[in-house]
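Dropping the structures in below, format is structure tokens.
Below are two complexes that have chain A in common, paired first with chain B and then with chain C.
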Partner chain A sequence: MNRPAQKAFIVFLVVPSFLILAAVVFYPFVYNVVISLSNMNLRHIKDWSLVGLQQYYKVFFEPTQPNFYLVFLKTIIWTVVNVFFHVTLGVALALLLNQRDIKGRPLFRTLLILPWAIPQYIVALTWRGMFNYEYGSINLIITKYLNLPAVEWLKSPAEAFLACILTNVWLGFPFMMVIALGALQSIPHEFYEAANIDGASWWHKLRHITIPLLRPVMVPAITLGTVWTFNSLNIVWLVSNAGEPSDQTHILVSFVYKAAFNLYRYGYAAALSMVIFAILLVFSLYFMKKTRATEAAY
Partner chain B sequence: MLNSLSSAAQVVRNLVLVTLLVLLAGCAKKADPHRIVIWHQMRVDDRLVLEDQIREFMAQHPGILVEQIYKETEELRSGFIVAAIAGQGPDLVYGPADQVGPFEVMGIIRPLEDLFTQAYIDSFIPEATCLYKSHLYQLADKLGNHLVLIYNKDLLPTPPETDVELLRVGKELTRDTNGDGKTDRYALTWNYTEPFFFIPFLTGFGGWVMTDDGTPTLDTPAMVEALKFIRDLRDRYHIIPGEADYNVADALFKDRMAAMIINGDWSWAGYKKAGINFGVAPLPRITSTGIWPAPMVAPRGYSININVAGEKLPLIVELLKFLMRPDIQLRTAKALWSMPTRREAAESEFVRSDPVLRNSALQISRGRLMPMVPELRAVWDAMRPSYQAVLGGATTPERAAKAMQELAIRKIREMNE
Partner chain C sequence: MNATARKPYRVINTKSFLRRFFTYAVLILFAAIAVYPILQVVTVSLRPQDKLLSTSLQIIPENATLVNYVSLFRDRPFLLWLGNSTLVSLVVTMTGVLLAAMTGYAFSRFRFIGKKIGLLSLLTTQMFPATMLLLPLYIMLIKLGLINSYLGVIIIYTATALPFTIWTMKGYYDTIPYSLEEAARIDGCNQFEAFYKVVLPLAAPALVITALFSFMTAWSEYLVAAQILQDTHLWTLPLGLKSFESNMSTEWGLYGASSLIVTVPVVILFQALSRYLVSGLTLGSVKG
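Here is the complex of A and B:
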């Protein structure tokens, strides 16, 4: 192929993906930035105009119910607790499944991936039913087998938030488990054989071989998991039935969703979503840099 | 060199063209003037009835394709707003009349007076042709969307007529059948999470949600009394479950673990299918005020997307006239116990003699039309947290009423800023 034809071919390969990216990423992003600087709402949906940083001011300083900073704090708790359990449970189970002497490994692997395979909508509504005070299976187990008092899971703010977290932990650990299992299987067995010859304990092998070699795979997965969890609307929205009780279980994305689609405050919701974007961008860059995720492992 | 450049450019041009054609192929269907798309939020039973009617219409009108697409209520509203603002969206959008207010303010639905004659509009019962800002924006095929008292006839032959009777039968019906200290059957249940289900209690104590100009009226003695009443039903008389959302309440009634439920006309077909020997009765009168509870009543019907092209309008009118035919409405009423909107059907022998529809009509006559103004959205949003907080024991009725009012005023201001 001569050079102009080669260039044309390269352009051909790039143009479709560029067009799609422009249509589904760049254009909506720029449009969102513009809306965030506008007064677009119920009364100004077609005749909106630019109002500068007014909506950003409202995000940070306007009194809201629930309070923005409280929702932000809850979002951080939500994200940290979820990702912590996703990773620890996922890696722990992956380590177990990576043992060669475990019988029925494929069966366990399939069973442990199940939460991930069920549609989130079904999972959320099933767990919501399980958290019912009188008829839910969780309280039945607590009262009947543990002889503890029943918990008002969906009626009290803290318990309702905990219910959302429990559901999301159950739903999220298989992803980390699959990623960790793939990474574990790619670690050359010779490293462990050499460590065995040197008399290394299980803990030493974990600390000096397994964890360092898991890191390049797990760091991007944790970054992705953090962004997903931070932006995870479905579970909070469906388990808490749109922030119940009394709008006390919102995280930032459900708060944005409500502002945009319940009260038609499109400009405000766009500004809030830009704030979320900025938070996640800063976190991702910082985390990737700190953990040196892009450096080679071997 | 020049040759190869020009052939390369041609290849790229052709390939980009093909790519664009593939990308834009999805838009081709929209331009079809013989295809009518309906978005609705009907439940399964309603959907099946509509499907039959559409099939019949298409058989009578070869060449016209009518497609109905189900969307959950919130998804329908937000999706329709986004699509219509962008000049797209379905031709018809179906739902309760309260969606007319926001859609009109946004300018995404069109008035219907120029499409139907006044004589035709007059052939509907007056409650079904609600005007918004002096225009008709919705052609309703059903009237209601209202709450009633539904009771299991096997457990309760005669429904209570007053709150005093309700408490009396409530104590008899609430049972711990196996003696384990836990209630196995409650007298009454409803969805505690949505303030829509609280409106009959509020109106029973003489309250309402807003004035005619959209100012909230939530911090009133009626609100406080109504909140106290439902709290007492649970915490003092113990005749309703401690916790119930829509699904739980529905399941309790279907599993015969609740003798009565407050639910809407959309649920009756489901109870019939579940084999419940049920009856429908007006909600019991509040003795202390002497007022019958007034649930919100709303027509449900079709609005036309502002973007519908002129040449398509006659087809849409044809379809709407078919769906509104009195005989079609009567068929729907027989299948779903829905209240017809055409006078001829609403005054038919079937509607007057069927016990479910007769009591439904009685409840409608005691009901109050749901406001169509967008501010209602803010009122619901303001009522919900405090209503839930009272039932959760986190606040008092007095504080809840005050908080509702303040929040509603603030939300309306934010919505309209």
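Here is the complex of A and C:
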């Protein structure tokens, strides 16, 4: 095909998607930058004006309740703990599922994918019910079978935060498991046979065949998982019922959601959104560069 | 000779037994953990109205009843929500698959100006916190008169799923050898025919994933729907379900019953497609 025809073909393939993305993602992004430089809030919805970097100053130095740096720290804990368990559980279960002499593998896979298949808001409300002090099954199990005192899951900050994390770990491991399973199945069996002939131990095979070949698939998955977890609003918002007790379970996204839609501090929320985006952008660029994960993708 | 050969043989056997035992134990434990919360929803949905708060751990409660399921269809507009959600989700799925299949192909096969920036900007969108787009979008939709219309919701859902699905498609196309298209071209196909007659059928696993992701995005989205679909006639399932939960008292029975009905089709989809899930999610990282 000649060049102009190919150009037309490319335009035909790419332009519709990017028109929609421009309308729903890129234009609002620019709009958000403008709002972040303004004093827009409930009192100034129509008559807002540009105030420069004031809102950004507020993000870092205004004594909010809770404090920005504390929420940031919690977000890091939230992300690291979640992603760590998603990846370790996911990869471990995938390794177990990938053994050929295990019976009922399709059944196990079916059951283990379930947490991923359920809509997040249902997951959140169900777990919130399970964490109920009096009637929740978690406390019932703790008191009846383990003979331990019941835990005030949703009333105290540390426990409520732990409740959110437990819910999110449950919800997130199947994605990593499926990714790892796909990667494991693409590893040629001959590699292991060769290793067996050389008398390699289980650990050596894991260390020198499985992990290196999982890596190129898991690194992008981990990057994406980290970004998604950092930004996951549903679970924290719904399990802790908008940050209860007294706004002490927030991570950055739920904190900014509250600022925007409950407190109507639009300018401030827009600036904080930009800060979150910048944090994630810097992290991703650094992480991808460090692990050289996208090299193959171009 | 015999004696030296037998001993290690038995050692491997015991080891293999232990390994299998350990594997089953862990798999059963985690399968139970994965299933338990869902059984909880089943229990709640089967409880009679006066026994909603119970300290029993039985899965099938005493006096189990289907009254909540009946009441859902008889007393509540559940069927309407179901229809609305199905409509929105199907349209989003179809547009999503079409667009991702096309754009992913361009990113996989051609060199063009702005390709790298395009791909990177798709990744970048994953880093936007939800609030960053929600507020500007809301203001935009008011100005365009798209509040209380499905068009706004459908466009937003499609765009939400697109970055990930385009990357998935691109990654999968990358694993399909280009020589297949060249052969098709020699046989007289034009570029477009080579794409949809030769490459597209081979990309079925990735197409399935794309469809599943687009469907899930639309089927279970709450925050955007809550801002845009304010007319109760237009409510989708998440809005309906959330309405069972109020500050004074949550209607747990109805909530449980509807949650199950909402979840079942998705679970069936996931199970039917799980084979493709494992093979199709290359995350744009594997180069064939």
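Everything below uses one rule, namely that the second predicted complex is superposed on the first by the 287 of 298 C-alpha atoms of A that agree within 3 Å, B and C clash if a C-alpha of one lies under 4 Å from a C-alpha of the other, contacts with A are read in each partner's own complex, and residues count from 1 in each chain.
Please note the rule applied: a contact is a pair of C-beta atoms (placed from the backbone, for glycine too) under 8 Å apart; a residue touches a chain by one contact, two chains touch by 3 or more.
What you are looking at is a predicted structure, and each value in this text was computed from that prediction instead of being measured.
Chain B and chain C, once both complexes are superposed via chain A, clash.
By the touch criterion stated above, A:L154 is placed in contact with chain B alone, chain C being left untouched.
Contacts of A:L252 after superposition: chain C is touched, whereas chain B is not reached. Residue contacts after overlaying the shared chain place A:E244 against chain B, while chain C stays out of touching range. Legend: residue contacts after superposition of the two complexes on their common chain; A:S49 is shown touching neither chain B nor chain C. Touch criterion not met for A:S201: it reaches neither chain B nor chain C. Within the superposed three-chain model, A:S186 lies in touch with chain C and out of touch with chain B [touch as defined at top]. When the two structures are aligned on the shared chain, A:Y135 is found in touch with chain B and with chain C.
Taking chain A as the reference, the larger set of touched residues comes from C, when chain B and chain C are compared. Once the two complexes are laid over each other on the shared chain, residue contacts for A:P16 go to chain B and to chain C alike.
Residues 5, 7, 9, 12, 16, 20, 23, 125, 129, 134-135, 260-261 of chain A are contacted both by chain B in one complex and by chain C in the other. Across the complex, chain A is touched by residues 16, 19-20, 23-24, 26-27, 30-31, 33-38, 40-41, 44, 53-55, 57, 99-100, 102-103, 105-107, 110, 112, 116, 118-119, 121-137, 139-140, 155-156, 158-160, 162-163, 166, 171, 174, 190-192, 216, 219-220, 222-223, 238, 241-242, 245, 252, 255, 259, 262-263, 266-267, 269-271, 274, 277-287 of chain C.
Only residues 2, 4-5, 7-9, 11-12, 15-16, 19-20, 23, 39, 41-43, 45-46, 65, 125, 128-129, 132-135, 152, 154-156, 241, 244-248, 258, 260-265, 268 of chain A touch chain B when the two sit together in their complex.
Chain A contributes residues 1, 5-7, 9-10, 12-14, 16-18, 20-21, 23-29, 31-32, 35, 89, 92-93, 96-97, 99, 101-102, 108-123, 125-127, 129-130, 134-135, 137, 140-141, 144, 170, 174, 178-179, 181-182, 185-186, 216-217, 219-221, 224, 227-228, 231, 233-234, 252-253, 256-257, 260-261, 266, 269-270, 273-274, 276-277, 280-281, 284, 293-294, 296-298 to its touches with chain C in the complex.
Contacts from chain B toward chain A in the complex involve residues 1, 4-5, 7-9, 11-12, 15-16, 19-20, 23, 74, 77-78, 81, 85, 102, 105-107, 182-183, 193, 241-243, 245, 247-248, 374, 377-378, 381, 384-386, 388-389, 391-394, 407, 410-411, 414-417.
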